[in-house]
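A, B, C and D label the chains in the order they appear, each numbered from 1.
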Amino acid sequence: MHDAVAALVRDGDTVAIEGFTHLISFAAGHEIIRQRKRDLTLARLTPDLIYDQMIAAGVARKLIFSWLGNPGVGGLGAIRRRIESATSGGAGQPPRLEIEEYSHFGMVGRYTAGAANLPFYPLRSYFETDMPKANPLIREIESPYGDGKVYAVPPLKPDVSIVHAQRADANGNTQIWGLLGCQKEAAFAAERVIVVVEELVDEAVIRADPNRTVIPGLIVDAVVVEPYGAHPSYVQGAYDRDNRFYLDWDAITKDEDALQSWLNDWVYDLDGRATYLEKLGPERIASLKPGSAPSGSVDYGRYA
Amino acid sequence: MSDAAFSKSEMMIVAAARELAGQRVCFVGVGLPNIAVNLAKLTVTPHLELVYESGVFGARPARLPLSIGDPTIVTGATSVVSMYELFSFYLQGGLIDVGFLGAAQIDRFGNINTTVIGDYETPVTRLPGSGGACEIAINAREVFVIMRQSKRSFVETIDFRTSAGNLGGAEASERIRREQGWLGRGPSVVVTDLGIWHFDANGEMRLDSLHPGATLDDVRNATGWEVSVAPALAQTPAPTADELRLIREELDPGGAYTG
Amino acid sequence: MHDAVAALVRDGDTVAIEGFTHLISFAAGHEIIRQRKRDLTLARLTPDLIYDQMIAAGVARKLIFSWLGNPGVGGLGAIRRRIESATSGGAGQPPRLEIEEYSHFGMVGRYTAGAANLPFYPLRSYFETDMPKANPLIREIESPYGDGKVYAVPPLKPDVSIVHAQRADANGNTQIWGLLGCQKEAAFAAERVIVVVEELVDEAVIRADPNRTVIPGLIVDAVVVEPYGAHPSYVQGAYDRDNRFYLDWDAITKDEDALQSWLNDWVYDLDGRATYLEKLGPERIASLKPGSAPSGSVDYGRYA
Amino acid sequence: MSDAAFSKSEMMIVAAARELAGQRVCFVGVGLPNIAVNLAKLTVTPHLELVYESGVFGARPARLPLSIGDPTIVTGATSVVSMYELFSFYLQGGLIDVGFLGAAQIDRFGNINTTVIGDYETPVTRLPGSGGACEIAINAREVFVIMRQSKRSFVETIDFRTSAGNLGGAEASERIRREQGWLGRGPSVVVTDLGIWHFDANGEMRLDSLHPGATLDDVRNATGWEVSVAPALAQTPAPTADELRLIREELDPGGAYTG
């Protein structure tokens, strides 16, 4: 992970760590913090705890998003403090975080346009709302068939997209099951792609079920094997969301000092995921293991 | 708490669940809507199909989902798809009968703010934002709102319009929705901790039912505009023992949302 | 099949039998011929043998397509005779078939716009070609970001889409593996959907692998169980393409009389797929069986 | 046929395969291109990745595919996706280095007709149409054409422009491609049964190599415009015994395309 982030994430980059509640690469986010990257533009539908941590650590200049919160729990204090008038932009206060805001579908449309090399993506959102006023990049577009207007969002092409997955082969051919979010679109839209996996598998495992492949090695620049690299988020079939951590975060994020000391204890003072997991402890990890629910196998047939 | 007694949140959830009777496909939000929808499925509308914006159709959660992306809604679901497909084909494609929204602020026409309190550029309070709400309000056939009401949440003028309701009133709303080809008819019910509101011919919220224990004064003190009350104001039937048992034993045993 | 077609396919309908070389519902096409449906508009990327047969039988008024041929073999005689000047539109000749022509991506974009309720779909095709002249529904659209124009195609919303698949449950929740073509988009775009499957399975089989579901029962109006219903095309894992038939068709389609007598022998004189398979014979069918190539199973995990 | 002798089709396929040396990702069409690409993978460019418009990336066919949708290209492939995804993210997204096209008519600038002979509305001959060709010509980084040449196929003016080549010439082509943001640079080679053509500074086809057995007169008699010949006209090296063996024993044992 150290080498992949060092080689592929550069100061000033637009970085997308995607994954909708599922498969969020906290391991990559923490490594970016440790390497003290700066002036990043962070893109993500739901900034979640990982961007709250990264922004608290000062890696970001700007945030592109559609829903800001700790899902099912509460708020993201570090990000809110960088946006709200009482705590940012004033004398002796940190500068206000630059934000660019869409709806979920708007963000998905942006990645889709980026991946498909389209100059815009059309969608039936934003009508009669204040969102186009808040973000002038959300624009009207007339149908060429004389049946009215819809809205358009511009392509988003991250410099780096980082995706956590269940498995990939050495060439980066990556398979995901469970929630798919918009990782595929974010990966195809990106200049560089880092895939982080629970397990490196033989090419034959991937080729046995080609419909399960979400990201082809063709667009992948680095494959990092990092078991439990998505903790405290989850990996379908491998481990559950560590909800206790999401609940604990609510108190930590409200207190800047508590947050900074958390960053010291859990990011700066550790050299990577292995030591993070040691610190977390085997019992905590074991408690997240789900029961088994096999998909069953289908037959592609041998045609020789 | 004995079965006889119940919390305001429990009443709100039960009332919202009952409103779902007869609906077929519901777009589920996290938190209160999630519990209300699952209660409805266990009571008034067992065939209700749940769609989660995370990409899940036909979920069979084995526990109350902690979020709309909980792995328990994936395992055993009918279909799990990308968000592109969920928003394009299910929501914008017109397959959603009811979208369930929460709100930080709502006005008398059902327009919703979940973005900021104060000025957008320099907000007093930064809220989560739209997520999928602004497109649910446009594309779901109708919208249910569930929220606790107060003078701070039921306001004369919302600070930011995140999701469209009846805009400036029924006439304008119907014209604009027709002209721009929206699939959604707009908000049809707002369930709060005090009562049940529907929308009158002008597209304004009208209190149709008071929850047990709540008074008209309670409602007036928790509403930022002149309250319109139905001529035949009903009293919401109290939660049944069965409804309370389902909430307390199956849907929210920890009382996270209903305590 | 008889009841599904009788109830859901109506004279004058726009009908899409999709499936790109894979999973082509010949069984549904033959039933439409038997029921003597008329004035249909047939939509399909690759009309293939099935539309050649249907158009020879006189069910269609119009064809919407992107590639007209017998893939890997030759031409489609019946359709060509209804388009070319020497054999159509003249005195004593059949009327010229109305055609509406796109590229593959244009057709996919049309179904996608139909499925997503968009007034148009934008794409980087058609630049500097004669295709927009030949089809005025292919129109230019300006990017609202001042970076030039792309082309747009209008939504296609068939009255009926018919999809063949490996399996579905009784509610119509349908799973497909192998080539996916644009069946999903065609199904979501349609007013009515008929799913034809090799095998009806228990709901539990579908729910064991939800990422494999391509079409939800929510949009399906009829599920027809018709083993070998895609012959002479193929079903991944179940049977191979009957290439001998595709080769034989080249001679049949060149001769209107031979084609009409083929229709009598293989469609009109039969009452359905069962008798078609009897006539085809068990040896022919057995010869199409592939070896086994299992996908393997993944674990979704039990989260209770 | 002895190993020493070879057919014009075999020479054409071998020449096309050799042109693929050094390429990484190729968009495969059915028929001759399919054999040429598979021969290249077995000889000059083993790491060539094959993309089929049917939705297959990283195919490992266990037999020569009968069509671009043959089940043998699916089983054992790296990835199999919808056509939406293939055309949006792989082709239009700019991942294709070489697109391989056939043609019924081609002009000196490499503009291609695969739609009709005669008038579009009342054609003398109705051809297959574009399929994916018109978007391959725009979005693939470069385009290879493989076709048999004659006065009927190599024409002064094509009856219908299905796929864009160098338009009216290199200058116009480069300007339009730049202004409209095309990813494709256009056609780079045309391999026929008589020789190998590349494009000169004006974007016109220039004969750079004659196949063994073919003469300049053969070429002129099979070209509908004044043939431009490279100053140093080469002779295409004959197929090697190994190349012929691969075609005859592995790729096209039935001689369907090369007989």
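Assume a residue touches a chain if its C-beta (ideal position, glycine included) is under 8 Å from a C-beta of that chain, and two chains touch if they have at least 3 such contacts.
Nothing here was measured: the structure is a model prediction, and the numbers come from that model.
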| item | value |
| --- | --- |
| Chains in simultaneous contact with subunit C and subunit D | A |
| Between subunit A and subunit D, centroid-to-centroid distance (C-alpha), Å | 41 |
| Rounded Å distance, subunit B centre to subunit D centre (Cα mean) | 58 |
| Separation of mean Cα positions, subunit B and subunit A [Å, integer] | 28 |
| Residues of subunit D touching at least two other chains | 56, 70-71, 74-76, 80-81, 88, 92, 139, 181 |
| Subunit C residues counted as touching two or more neighbouring chains | 112, 117-119, 123-124, 147-148, 178, 180, 184, 208, 211, 236, 240, 290, 293, 300-304 |
| Pairwise touch network: line, ring, star, complete, or other | other |
| Touching pairs - complete list by chain label | A-B, A-C, A-D, B-C, C-D |
| Complex contact set, residues of subunit B against subunit C | 25, 49, 56-58, 60, 62-63, 70-72, 74-81, 85, 88-89, 92-95, 139, 181, 183 |
| Parts of subunit C lying in touch with subunit D, wherever the complex brings them together | 20-22, 45-46, 65-69, 71-72, 79-80, 83-86, 89, 96, 101-105, 108, 112, 123-131, 134, 147-149, 178-182, 184-185, 234, 236, 240-241, 243, 246, 290, 293 |
| Residue ranges of subunit A touching subunit D (in the complex, touch as defined) | 112, 115-119, 171, 173, 184, 188, 203, 206-208, 210-211, 213, 216-219, 300-304 |
| In the complex, subunit A residues that touch subunit C | 117-120, 122-124, 139-141, 143-145, 147-148, 150, 152, 154, 166, 175, 177-178, 180, 205, 208-209, 211-212, 236-238, 240, 290-304 |
| Complex contacts: residues of subunit D adjacent to subunit C | 30-31, 53-56, 66-71, 74-76, 80-84, 87-88, 91-92, 115, 118-120, 122-135, 138-139, 160-164, 167, 176, 179-182 |
